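Listed below are the structures to be examined.
Consider the two complexes below, in which chain A is the common component and chain B and chain C are the respective partners.
What follows is the complex of A and B.
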């Protein structure tokens, strides 16, 4: 730690010196007598001050938490010196971590002993946050000297986004021949009844529909739809976001993506993610809980990075978008590049749904009448854009922050059912 | 005499008011300089007294030290979110102890001043040596604290840990 005179010490010594010089100059010994306590204070402080042997470290109670949860970060301060020291402690943290008590905490640590200070830490939003090292300031008993430094290391915390429980999911048009929960259009072994056909050599007896056989006079067997899984790609648009002081569309987009990833993985789908913006990250589709954690970890790094680069489908490797995958584009529909990407994907015949994270919650009309008109025009433009996308056969689920995603997904499913023949074309 | 006493009293009130204003300024500006200036004003006002100055100087000096110390420590602690009670007790105790010791030494000085010591070459030499010794002591103290040899290794600040990067298959 770096030692220095505390801001008060030069003043105290100057007062003592001024008293002594004034006494000499004026021949008034009482001025020197007044200065003596100041001289004792400064001299004793300088003589007795010793560099403290202090160490400190931050120990959070856990490293992973939800964005609204709190954890306790204990700062352990150890004094290995022979004298008690006064220590002011403040953990350094990234901006999105709220710490209580906010500011410095002063404690006295006895000789060769340890003190623990508990800080309540709450992430303001999802993401990877850091806490530590600890800014420590110690003073000698008289406060003549101070030692300041940063002790301990940084601890990384991962705040996971809040996830919404989804009953309904967007039903994929095509499925993969892996066991899942989506009823496939193909006919094979399954649970859902599909049709009846005449018996053929090789059919099992348990497939025979005896009532139909009795009615038609020949052996009839049931055909069923198998339960398959599907490939789902979550494409998170990070070109641009609308943000007010507290929240932004990217926050909601990541929460939506995490909710959808959990729900689809829970239904045995292969899920991948693409962070499509100024920087491009992707994660190939895969099954299972490990993939969920990989996706959430990848989403935590999502950030709006300003870029002039024009990106399109060709920017993505083919393996990221498997043929027949359901692509869920989570976007605020604010950037031309993401809108162009959506159109291009649809033109290429991809099964596509747009989850629009509405920016309207983060933008308010200005105070003047022209501002209000401009706001209305912008809102109408957005509606027109939505209609244009729907005319291309793209279901658009509008999700407003604070609302539920479920009804929006149900609306998209209804749209896709009505537009299914066109979608399959 | 009465007129002089009245003028001195007015000056004393003026000085006390100025000192209070300076202390308040220091508190607001979070700077110790106005507080020291207030203490200097109060110390100068001691010259307005005409009686028992040598007797009153030691407790007056200790009182000024307390005023200075308490005002500055209040400033220091005002920026702290949470303070353990033993911190305040220990600080106050240390300040009181130093003020008491300072007052005692000052009283000894007052006794020395009042003693009728005849002028001599030896005493003058002792006084000069004491002044030089005090100067050398201060220089040595400052050198010990801030000279080249004071660059102790200490605890170096730890380098910042790398940012946590999520696992992703690829980045462009």
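What follows is the complex of A and C.
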């Protein structure tokens, strides 16, 4: 801790000095007597002052929480010195953490004892946030010296985004031969009825459809669609975001990606994620709960990084986009590079759906009349862009902040059902 | 008497000074890192359009070269929903559906403006055109 004179000390010394100078100026020694106690006070304080042996540590009640949840961060202040000290503690805030109480908290810590101060901490948005060290200030008994410093280490909190419960998901066009919940177009052992065909050697008796056999006079067996899983790649566009003071499109995009990842992994799909923006990060598709945590951790690191570099499909490693994978592009459709990527992926025959995180909620028209006209033009331009993507056979689900993703997904599924012949082309 | 008065004055002065000392702050407020306020960012698309609306009002070239393709894109999408295309639309129908001013801007084979420094499409005018497009 760094020691310095307290604000009181210069005042005391100034008063002493004033007494001495006025004694000299007026030639009256009595005035010098007034200065003596202050000189003694200041001198004794400086001589007797010892740096307090104070340590502090920050202990949050947990390290992982949802973005709107609160946790208690306990600051333990320990005094190893022989005298009690008055300690002022203030949490060092980051912009993304709301801390209550917000100001300085004073506590008296006895000799060789410990005191605890509890702060309520609430993350304002998802992400990895650091709490600690804390700003600590103590002073000696006379208040002549103060010591300030930052004590305790940094503890990283991980605030997970809110996830939405999705009842329906975008149905993939192609499935992988692993057990899952998507009804495949192929015919094999499964639950969903597909067709009837004549009995062949090797068919099991339990597959025989006795009613059809009785009608047609020869053995007929049921064919079924198997339940398969699929590969899903979540491509999060981090080229640009629209942000108002509180929220931005990236917040919504990450929340959407986390919801989709959980829902697809829950249906035994292999899910991967690509952070496609100024910087490029990816996670190859995999199954299971561990993958969900990996994805969420990867999403927490998402950030908009400004870059002039042009990126396209060739920037991505091949293993990230397995053949036949359903690619869900989560984008505000603000950057030409991401729009070009979407078109390029579709041109290459990828099964693609765009989840458009609407930036309109985060941007308001400018103050002047031309700005209002420009805003309206922008709105119409976005509609036209959406129509252009749909004309390429790309389903576009528009998600407005505060709304549910479910209806948008249903809309996309309806579009994909009507556009299936084109999609398979 | 004089000595007594002096003692009283000195004692009072001492008390006054002691009060002043206690009123002096013993510690300064803790220095803390200021919370970084979350900024807002407007999309570059919108900023570019705001600039385009302004420049199109002042320059016929800007209106023809930059605003016209954008309006054609939007009008084409709106017309396609009605089963019409801009390219095959007869002039009379175009003028009736889009209005004279908008048709003059988006009509196929519109020549490059002769007066390069002439006025383009004023924002108020553009606002009225967008109103027409919205009603399509």
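What to note about this one:
The rule we apply is simple: the second predicted complex is superposed on the first by the 416 of 425 C-alpha atoms of A that agree within 3 Å, B and C clash if a C-alpha of one lies under 4 Å from a C-alpha of the other, contacts with A are read in each partner's own complex, and residues count from 1 in each chain.
Convention: contacts are C-beta pairs under 8 Å (C-beta built on N, C-alpha and C of every residue); 3 or more make two chains touch, one makes a residue touch a chain.
Values in this document were obtained by computation on a predicted structure and should not be read as measured data.
Applying the stated clash criterion after superposition on chain A shows that chain B and chain C collide. Contact with neither chain B nor chain C is seen for A:345 once the two complexes are overlaid on the shared chain. When the two structures are aligned on the shared chain, A:38 is found in touch with chain B and with chain C. In the superposition on chain A, A:143 makes contact with both chain B and chain C.
In the superposition on chain A, A:84 makes contact with chain B only, not with chain C.
In the superposition on chain A, A:412 makes contact with neither chain B nor chain C.
Shared-chain residue A:327: touches no atom of chain B or chain C. When the two structures are aligned on the shared chain, A:8 is found in touch with chain B and with chain C. Of the two partner chains placed by the overlay, only chain C lies in contact with A:95; chain B stays clear of it. The partner that reaches more residues of chain A, of the two candidates chain B and chain C, is B. Of the two partner chains placed around the shared chain by superposition, neither chain B nor chain C is touched by A:71.
The residues of chain A shared by its contacts with chain B and with chain C are 7-8, 11-12, 15, 19, 30, 33-34, 37-38, 41, 88, 104, 143. Per the touch definition, chain A reaches chain B in the complex via residues 1-3, 5, 7-8, 11-12, 14-15, 18-19, 28-41, 43-44, 46-47, 49, 51, 54-55, 84, 86, 88, 101-108, 128, 130, 132-133, 141-143, 145, 147, 149-154, 156, 158, 275, 279-284, 294, 297-301, 315, 317.
Those residues of chain B lying in contact with chain A across their complex are 31-33, 35-36, 39-40, 43, 46-47, 53-54, 57-58, 60-62, 64-65, 68-69, 72-73, 76-77, 79-84, 86-87, 90-91, 94-95, 98-99, 101-103, 105-106, 109-110, 113, 137, 141-142, 145, 150, 152, 154-155, 157-158, 160-161, 163-172.
Every residue of chain A that touches chain C in the complex is listed here, in rising order: 6-8, 11-12, 15, 19, 30, 33-34, 37-38, 41, 88, 90, 92-96, 104, 124, 135-137, 139, 143, 146, 148, 240-246, 248, 332, 334-335, 359, 362-363, 366, 369-378, 380-381, 383-384, 387-388. Remark: chain C residues 6, 10, 13-14, 17-18, 20-21, 24-46, 49-50, 52-54, 57, 70, 73-74, 76-78, 80-81, 123-124, 126-127, 130, 133-134 touch chain A in the complex.
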